[in-house]
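In structure tokens below, several structures.
Shared between the two complexes below is chain A, which has chain B as its partner in the first and chain C in the second.
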Partner chain A sequence: MKPMLALGLVVAVLAAVAPFLSIYGQHIFVLVALYGSVALAWNILGGMAGQMSLGHALFVGAGAYLSTALYLNLGISPWIGLVLAACLGGALGALMGYTVFRRKLSGVYFALVTLALAEMALHIVSNVSVLGAANGLAIPARPSLANLQFTSKLGYCYAALAVLTVAAIVIIAIHRSRLGYVFLAIRENERSAAALGIDVVQGKVIAAAISGALAALVGPIYANYVLFIDPESVLGVTVSIDALVFSFVGGLGSLFGPLLGTVVLVPLTELLRGMLAGRLAGIHLIVYGVILVLVMRLAPRGLWGLLSDAIARRRA
Partner chain B sequence: MDLLPLLPQALADGLLLGAVYAIVAVGLTLTFGVLRIVNFAHGDFLALGLYLTYLGATWLHLDPYLSLVLVLPLVTLAAAFTYRLLIAPVILAPEHNQIVVTLGLSLILQNAMLAIFTADLHTMPSVLSGQIVRIGNVFIQAAALIASAASIAVCLGLYWLLRSTELGRQIRAAAQDRDAALMSGVNVDRMYLIAFCIGIGSLGLVAPLIAPFNYVSPSVGSSFTLTAFIVVVLGSMGNFVGALIGGFIIGLVEAVGGLLTGGSINFIITYAIFILFLLFRPEGLLGGRRL
Partner chain C sequence: MSAPLLQVRNVSRWFGGLRAVDEVSFNLESHEIVGLIGPNGAGKTTLFETISGFIRPTKGAVTFDGRDITGHPPHRLARLGIGRTFQIVQPFRDVSVLENVVAGVLGPNRETSDPRAEAMAVLTRVRLDHRAGVLARNLSLPEKKRLEIARALATRPRLLLLDEVMAGLTPAEIDEIMVILADIRREGIALLIVEHVMRAIMSLSDRLVVMANGRKIAEGLPATVAADPAVIEAYLGRRHHGAA
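Moving on to the complex of A and B:
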């Protein structure tokens, strides 16, 4: 139970610290927790099971649009929307995984299918008027716990932290179970995994389903934090790329490297944005690109790899 | 509304568009076929070429066609630098790492252009911009006709280069079996460099030609990259003729689809074709025949 205990401790510390942060600090807290959750979700499929997706925006967007559309049109509480979003994300992940992996598509073909699916979803949503088409959906501000809206940023900090905690618990649980070894075997060598009697397709489908469900959980929280969603912001390719960047920079093979990547890059982004005050749009993406290339060249195991190497060296 | 009279126009537009898609896809398929690297920054080099054309037009008052003499070498040079700096070091790395490096390059190029030129759309008029050729009820821009003809000519020229010259033979050897080629005295690294420079350099040739009837913005590149991927998968990755056929198919689908559905719904059709192909025939129309 040691990792769970450590997780509980970290979450408790974060929860205790959150009220003392400035408003701006709390904003960063929310962003890091939300992006971190998507990155952790991405890493279950991309890092643990080794199937690189370029379309996780599909899950985030599906979750955001489902809960928002249900709330706006039928008055269904976003809490129920949150549960349904996870179900939808899991179902989409399983369906996508089943159709793709059954046909033995992997590597770049898998990346392209996922990219195309997310882009197609973006164009479909842009043409559906119930979903606000290209203009997006605005959520009227009615703060109450039942509406998953809070008067202060602190409430959102806890909501985002809760999602992050769920993702972390799932990852630790997978890692300690047989499923974790199945994912590892698939990632390292599919053929030997199959030879050992592992159902490779089933393993990848499960990874896609869990990954999709967790990513979809972020959608409703994000929608209720910003109170506005449009196709580009939740279904756009940048959402998928961000998850990938954070994971690779943080360290693909590790359990919590993607979170480390988020913790470093998101505040850096906000800092840059503040310094440049709106000039030179996109500069943070140049920085992402440079860091991505440098990490691939100099430290393919990411920041987490660097960190654990340094610790190992000190102990030795 | 009766759409039938508009069909010939749509078909003509589709074929013109398809030829340009074909040459962009041929560059992508060449780098994939030879280097086995999927370049997610491919289209961004086209955007780079368009911006260079734009600079030529604003700073030096060059007609897009004249700026060809500057844009082609500059884009090719950029390709050579990119190969040495980024591609060569990961040529033997796992596929994931290669994809991530080209994605990173795409982020850098795209957003550098955004930072320098802002998101505004720019046009690059030429003396030929207003010229229209009329065939029956079909109206064709002269510039588009030139661009398509040049695209097809370059595709065929590259095919000839690979098939019938000593250089092409060595490039194909490097593509087919890296180790065997090395042992036979082929400078594989050099062949990779040349193939990459040709693949990207062809974009430097196309950019000034499509400039008179196109606009440029930083996101032009990624839309061309995606279209090029669709074309390449349709025509089988690494297959020249396939890229040519695939280019025309996607061009026609977009033009006729745009006529039938009006607007952005035809993207959905294109993506649907792409996904169905990836799922049911990932080897493409022409199968797995390589360079």
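Moving on to the complex of A and C:
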């Protein structure tokens, strides 16, 4: 139970620190926790099972739109929306995985299909009036726990931290179970995996389902934090690319590297945005590009690999 | 009288016009070691891939333990008790030797109380326990071959298909593998071995099946098969009568 204990400790520390942060600090906290959750979810499929997705925005967006539309149109609590979002994300992940992997497509083909599906979803939503079409959906501010809205940013810190914790628990549980070895075997060598009795297609579908469900959990929290969603912000390709970049920079092979990548890159982006005060929009993408190249060149195993090597060297 | 453990009946595999395997039949009893030999291009590997589920036969049937397994996917065969190794070793390179074998223990999805202990026991059987913590990529070739065997053994097979586990090894390393294989057979696991190392396959096998040009050309005791004119011709070519 050691990793679970460590996780509990980290979460407790973060929860204790959050109230003492400035409003801006809490804003960064929420963003890091939410983006970090998406990155961790992405990493289950992309890092642990080795199937690169370019379309995780599909899950985030589906979750955000489902809970928001249910709340606005039918008055259904976002809490129920949250649960339904996870179900929808899991179902979409499984469906996407099944249709692609059953045909023995993987690698770049899988990446392209995920990209295409997310883009299709974006364009469909942009034309459906119930979902606000291209204008998006605004959620009226009615702060209460029942509405998953909070009066202070601190509430959102805890909500985002909760999602992050769920993702971390799932990852640790997978890593310690047979499923962890199934993912490992599939990632490392599919022929060997099959020869060892592992159903490769089934394993990938399960990875996609879990990954999709966790990513979808982020949607409703994000929507209720910003109180506004539109197709670009939750279904746009940027969301998918962010998850991938954070994971690569943090370290693909590791369980929690993607979170480390998020912790470094999200504040950096926000800082840049503040410094440039709205000028040079999109400059953070250039910064991402430069950092990505540097990491690939200097630390192929990501920041996590760099860190664990440094620790190993100090011990030696 | 019980049915043979493995029955290969009139199995053919065509690739376009090429008959890589052509109407091959043979049986393999439990506790038996059968060697599958033949010159390069004889169709051994194709037959091997067909039995292990990686290639579907064009015609014919394969039964295991009285059950029709023709065209079953590899993971299902592994769960039924057919393990295999790969000619070109395919370890999970970036994880430890022990983790490789744990994947083999857990792969077939059966009940186990302590997968790591079970994996360690398997490593001891192939004399690789002292390398348990090493990354698989850092093993030497003979060690990788043994890891390949260990991982297959970890699935608890009743039949183990070995594809050239001795290729590229020195005579001393081959002896080591032969001792390990003899141990495995003593545990009651049947073996089907594709191999080019004649010394090893002659002494290990109870029976040999010889293939050439996709067909079975001989079957029997190693000594008998070795003296068979058809086998000699397949390996050495037709003797030129009356030349000089």
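Following the convention adopted for this analysis, the second predicted complex is superposed on the first by the 316 of 316 C-alpha atoms of A that agree within 3 Å, B and C clash if a C-alpha of one lies under 4 Å from a C-alpha of the other, contacts with A are read in each partner's own complex, and residues count from 1 in each chain.
Here, a residue touches a chain if its C-beta (ideal position, glycine included) is under 8 Å from a C-beta of that chain, and two chains touch if they have at least 3 such contacts.
Note that the structure is a prediction, hence the values are computed from the model and not measured.
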Exercise. Touching A:73 in the superposition: chain B (first), chain C (second), both, neither?
Worked result: neither
For this session: With the two complexes superposed on chain A, say which partner A:152 touches: chain B (first), chain C (second), both, or neither.
Result: neither
For this session: Tell me which of chain B and chain C touches more residues of chain A.
Result: B
Exercise. Is A:199 in contact with chain B, with chain C, with both, or with neither (first, second, both, neither)?
Worked result: second
For this session: State whether A:184 touches chain B only (first), chain C only (second), both chains, or neither.
Result: second
Exercise. When the two structures are overlaid on chain A, which partner does A:126 contact: first (chain B), second (chain C), both, or neither?
Worked result: first
For this session: Would you tell me which residues of chain A are touching chain B in their complex?
Result: 50, 52, 99-100, 103, 105, 107-109, 111-113, 115-117, 119-120, 123-124, 126-127, 237, 241, 244-245, 248, 252, 280-283, 285-286, 288-290, 292-293, 296-297, 300
Exercise. So in the complex, which bits of chain B are touching chain A?
Worked result: 38, 86, 89-90, 93, 95-97, 99-101, 103-108, 110-112, 114-115, 118-119, 218, 222, 226, 229-230, 233, 264-265, 267-268, 271-272, 274-275, 278-280, 282
Exercise. Which residues, counting only chain A, touch chain C once they are in their complex?
Worked result: 178, 181-182, 184-185, 188-189, 191-200, 253
Seminar exercise, completed: Seen from chain C, its contact residues with chain A in the complex are 52-54, 73-75, 78-79, 83-84, 86, 90-95, 99, 102-104, 106-109, 151-152, 154-155
